[in-house]
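Presented sequentially are two complexes of subunit A, the first with subunit B as partner and the second with subunit C.
Here is the complex of A and B:
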C-alpha cells in the first residue's frame, strides 16, 4: 500500500518471512519425542546399522576360502574393480534391468486394468476381487514350485495343453532355454505381484471425484479421454509410490529365479540378488559379495530417497501453507 | 594331617589318576591293536554277497571298549552339534538317536552332555557364526566336505583315529581322505554312503534290453538311453544338470571319474588337488557322452538343465523315465509315492515299484567304476574357539569313541547311510538293516569305489558352480564340449590359485 505525502511516494515494505528453523533446531525442539523412539532406534542400530557397517567394511577385504575372516586381507577397491570389470557383472546387470523394468511395467499395467475393471459395480465383484488377491497371498516358494511344474519342458501342463490343442507337436521349452527362460520367469513374477498394484490403485481410484467424471461424460468425453484427463491425473501420486515399491521389490526378488532355475541355464536368469547370494554363500567370496551388496545398497537407497520424497511431498506442501 | 602331607597326599592322588589314565590308554591302544576293534573285514572281497556274509558275525560292547579310552566313571562335560533326525525322518532314526544318548548316559553317567541338533542346511552357517564369536561346541559332526574349510582356517584340532581308540584301518581310505588337510587328519568319518544305479526292468524289457542287468559301462548308458527313447518315446537316463545344485556333481562326477577324468586329481591314488584334470581328454569324453544324450539323441529329459533328482522322481514313478542314480532311500520314496497314487496312476506306480532294480554304477571304457563318497565326519574344535575356552579331552574322546563304535556307527546310519567304522558291517545291526532295507547290499558294495570330492575349501565352488556351468555351457550349445571344458579348467585354475573372477 502506498501513500502520497507531498511529492514523495512511500511504499510499505513487506515484513520479512519468518525464518524457518534448521533441522538441528527442529530436532532439539522435538527432543522429548526422541526418547520415545530411542528403544526402536537402538534395535535398528544393532540389527540394521551394524550389519550395513560390517558389510561395507568387508567389501574392502579379500576373504579366500582357506583363511578365517579374522585373517582377512585388506585389498582396497580390488573387489569393486573385480566386479565392475567382469563381463558377467554387466550381463547380470542387463538381466536385472530387463527383469525389473518388464516386471514393474507389466505388473503395474495389469494391476491398473484389474483395478479399473473392479472399480465399477457388477455381480460377483467381491468374489472376483478375492480371487485376484490369491497370487499375492500365496507363498512365493510354493508358487515357484507350482509354476516350475506348469512350465516343465517334458511334462508341464502348459506344454501338454499346447500339444493337445495342436499348436505344437512337442511341449514348449520355457525355462530350459537360454532365450526364453528370463521372460518365462518374468511372467511368474508379474502373476505374483500384480495384485499388489491392483490393491494400491483401487485405493487411489477412490479419490477420483465422481462429479468430474460425470461432467466429462456429459461434455462428450470418450472413455479413454475420461481416463486420461480425469482419472489418471488423480492416480499420479499413488502410481508413483506403487511403481517405486514394485521397482524395489523386483530388484530384490530372490525366490522365483533361485528356486525355478537356480540362475541358469548358463546364468541366463541370474539377477543381482541371486548373484550376490551365489558369490557369498555358495562360493564363500564374502569380500566380493559384500562389495556387490554395497552397490545394490546404493541403488536401493537412491530409490528409497525418491520413494520417501514421493510419499511426503504433500506433507511438506501442507506444512508450508 | 599336616599341610605338607595334605599337599603330598593331593599330589599323590593326582599322580595316581594320571598314572591310571596312562595305563588305561596304553591298554586300550594295545587292545585296539589286538583283537577287540581290529579290522577283520577283507576289503578285497567286497561285493553284495560278501557284505551279506559277514553281517551279524561279531558283537561289540561299545561301553566296555570305550571305557578303555576314557574310564566309565570319568566326570566331565562335552558339548556337541550335529544334524539329528527331524520331523520328516523315519521313526527308526528317532529311536536310534534316542537309544544312543541313553546308552551314552549309561556308559558315562558322570559326563554332562550339551547337545544341539541343527538342520542340515543351517548347521554350517551356525557353526561359522559360533566360531567367529568363540562360542563353538567342543565337538561337531559335519557333512563330508564341510570340515575342510574349518581345518584350513585353523579352527579344528588335528586328530587321528587313534585319538579315540581306533586304527586307521578301521575306516575307508576314501573317507579318511575327506578328513585330511595338508597331510594332517582333522576328524573321523562317522558314516559313509554311496549311490546305486536304478532302473525300471519292465521298460528295459519293452525296449528289448536285458531287464535284470544294468548297463555295464557309461557308453552302454548312452546306447540304452537312445534305444529306450527310439522304441518307447520316453526318456532313458535321468540326467541332472541344474546350476547351483549339489545333485549335479553327485551324478556327473562318477561318470567323469569312470572315464578317467576329474575336476582336479581327486581320483588319483594320492591326490595333490593342485592338478587340473577337467580339460583332460578323459573328462572331455565324459562330457561328450552327456552332450550325446542331451543334444544329439535327445534321449534324456529336456528339463535336465533345471532338474535335480527330486524332479526325476515323478516321471520315474509314472513310468516315463527308465534310469536314475540315487540312494537306497529312493526305493522307500517310490513306495511312498505309489501309496499316494490313485486310479489308473496307482496301477502304473505299483508296477514301477515292483520293477525297480538296483545295480552298481556303470564303469568307464577302461573298466573303472566310481561313485561319490558321501557321509559325515566328526571333528574337535580348538579350545580358543570353544565356548568357555576349554575342551574336555577325555569327555570328547568318550563321545567320539561311542559314536564311532561298530555298534553305534551302524545304528546311527540306519536309514540312508553306512557305518563309517568298517567293523560295523560285522554287527547284528548291519544284518538287520540288510534284511529290511531293499538294495542296501548293492549301494554298500559301491563303497570301495568311493571317491570324495576334492578336499579343499574351494571344493563347493568347483563342484556346485563350475562343474554344472561347464555342463550347461556344453548342453545348451553356448560353447562346444572342448570350449566348455577349457573354460572350466581356466576357472578352476584361477580358484585354486587364490583368485578367480565372479
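Here is the complex of A and C:
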C-alpha cells in the first residue's frame, strides 16, 4: 500500500492522492463522473442484476408450473440434489464438453490457418477475408436451416455428394443418428465461428515484428521454426483471449442444436443450455432450470476470472513499458 | 509501408511449398465457407418438386424466382407476413441500436477517461455480462416483462436486447476512446472549453468510426436474435424474422425452397451492411484484444 502511494507521489500523478480520502469522499468528489455511467448502470441493474438475483432465488424454491410466484415453496438444496443425482446430468455434461472442446479446437486451428494464409498482402485479400467472415455475420437461425437442408436424409446435398464420390452406397443419415448427430452439429458450429478466430489472430499477426522474422531468416531458420519460435510466442496473448471467448460462446450455444435437432435424437445433441431451456420452458420445472443456471453462472465466473486476467495482463504490460 | 514490402521480400525466398500449402488450404476453406450459401441460393431458385429429387439437381432445370415473388407480394398471405416480419425486425434492430449507442457513448467515455472509485469493478461487471447466455436470463426477464406489461410488445425485445447490446457497445467504444490521445482534450480545455464541449467538439468527431462499428454490431446482434423473440412474442403481427420464418414453414411439410429464399432474404441486410462497412467492423472487434 505504502509503496503504491510512494510511486504516485514520485510520478506526480494527481490521483490517487498522497493521503487518500475515504471512499465516500472520493465518490462524492467524482460525482460528476457517475453521471456518464448512470444510464448504463440503471439499464444493467434492471436487465442483468435483477435477473441474476431472481435466478438464484428461484433455484431454492419449488415453483408451480404456472409460474405463479405467490405459491412457490422453499425447498432448500433439493433442486441441486435433483440435478447432480440425475444420470442425464452427466450425459448432457459430457456432450457439452465434447461440443465445447471440439468446436473450440477446430475453430481455432482453422482460424489460425486462415490468418496465416491471409497475412501476406495479395490481390483480393480483403475480399477473401470478407467472404470468410460471412458465416459469422449471418444469423445462426439461417445457418441452422441451411445445414439442416444440406444434411437432409433424403434430398440433402452432402448425402448425395458422398454417394456420387463413391464413399457410401446410400445417402448417410447424419443428423437422425445418435452416433453422428453431435459431430454433424459441431461442423455447423465450426463453420459459423471459425472466422471469428481468424480475424482475432490476423490482428495478432500484425503485432509480430518483421525485423525479428528477418533476423531469424538470416540466421537460417526454416519457415516452421520461424512460426514456432517467433510468430507463435507473439500470438500467445491474443490466442488466450480468443480461446476463452470461443469456449464461452460454445458452452453457451443454443440456436444450432435447438433448431437442427431440438436436442435429439434421444438426447444425443442435448447440451447444457438446450437442456436448461427444455427443463424450464417445455417441462415447467422452473426451480431445477434455475439451479442449472446458477451452476452455469459459477462456471462462467471462473472462466470470466481468467478472461479478465488475460485482458488486464496486457494492460499491465503496456503500463510497465 | 516499408515493413510491408520487406515482409513481401522476405517471404518470397524459400517458402514455396508453404505458400502452396497455404493456397490449397485457402481454396478448401473458401469452398467450405461458400458452398452452404451457394446451395441455399440454388435451392431458393427451385420449385418444391425440383428440390425433392434424388439425386439432387445441382443446378435447377428450370430456375424460377417464384419463391421470392411469393415472399415479397403483400397481397398473398405468405408475403403479407414476411413483409411484416421484415419491418418488425428492422424497427426493433434500429431502435435497439440507437438506444444502445446513446447510453454506451457517455459510459464508455467515462470508463476510458475518468478514474472514479468502482470504475474497474463496474467495467468488468459490464464485460462479464457477455459470458452469460441468453437462456439463463429468460425466466426472470419473462417475469419482469409480465410485471411491466411488456409481453408481446417490441418494448420487451428492445429492453432485453440491451442486455447484450449495451455491454458490447461499451466495450467496443472504450477501445476507441482509449486510442484517442487525451492531449487533444487537454488542449481544448486550456483554450477554455468545458468538459462537455471538449467531449462533443473534439472526441465525438474523432470517434465516428467507433460509433459506426458499434452501431453495426448492435444492429446485427438485434437482427439475428432468436431466443428472446421466440419466448416473449406469441402474436404473429409482432414477430421478427428469425422466429417468423420458422413459424411459417414448419407447420405442415417443410417448403425447403421457400425457406431457403426466406433465409436468403433475411441474410441480405446484415451481409450487405457488413461488406460495406467491413473495415470498421474488423477494427472494432480486434481493438480491445490486441493492444497497439
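Quick notes on this structure:
The definition used in the following text is that the second predicted complex is superposed on the first by the 278 of 321 C-alpha atoms of A that agree within 3 Å, B and C clash if a C-alpha of one lies under 4 Å from a C-alpha of the other, contacts with A are read in each partner's own complex, and residues count from 1 in each chain.
One rule holds for everything that comes next: a contact is a pair of C-beta atoms (placed from the backbone, for glycine too) under 8 Å apart; a residue touches a chain by one contact, two chains touch by 3 or more.
Owing to the predicted nature of the structure, the values given are computational and were not obtained by experimental measurement.
When both complexes are superposed on subunit A, subunit B and subunit C end up clashing with one another. By the touch criterion defined above, A:67 lies against subunit B and subunit C together after alignment on the C-alpha atoms of chain A. When the two complexes are overlaid on their common chain A, residue A:155 makes contact with subunit B and with subunit C alike.
In the superposition on chain A, contact of A:102 is made with neither subunit B nor subunit C.
More residues of subunit A are touched by C (comparison of subunit B with subunit C).
Contact with subunit B, but none with subunit C, is seen for A:279 once the two complexes are overlaid on the shared chain.
Contacts of A:172 after superposition: neither subunit B nor subunit C is touched.
In the superposition on chain A, subunit A positions 67, 69, 152, 154-155, 171, 281 are in contact with subunit B in one complex as well as with subunit C in the other.
Subunit C contributes residues 3-4, 6-8, 10-11, 13-15, 18, 22-23, 25-26, 29-30, 32-34, 36-37, 39-40, 43, 51-56, 103-104, 106-107, 109-111, 114-118, 122, 124-144, 159-160, 162-163, 166-167, 170, 195, 220, 223-224, 226-227, 231, 242, 245-246, 256, 259-260, 263, 266-267, 270-271, 274-275, 278, 282, 285-286, 288-292 to its touches with subunit A in the complex.
Across the complex, subunit C is touched by residues 15, 23, 26-27, 30, 32-37, 39-41, 43-44, 46-48, 50-52, 54-55, 58, 67, 69, 110, 113-114, 116-118, 120-121, 126, 128-135, 137-143, 145-147, 149-150, 152, 154-155, 157, 160, 163-164, 171, 191, 195, 199-200, 202-204, 206-207, 210, 213-214, 217, 223, 237-238, 241-242, 248, 251-252, 254-255, 259, 273, 276-277, 280-281, 286, 289-290, 293, 296-297, 300-301, 303-304, 307-308, 311, 314-315, 318 of subunit A. Residues 64-71, 82-83, 86, 88-89, 148, 152-155, 171, 173, 175-176, 178, 258, 260-267, 275, 278-279, 281-285, 288, 292 of subunit A are the ones touching subunit B in the complex.
By the touch criterion given at the top, residues 125, 131-132, 149, 152-155, 235, 242-245, 301-306, 311, 314-315, 318, 320, 456-458, 460-461, 464-465, 468-469, 472-473, 475-476, 478, 498, 500-502 of subunit B touch subunit A in their complex.
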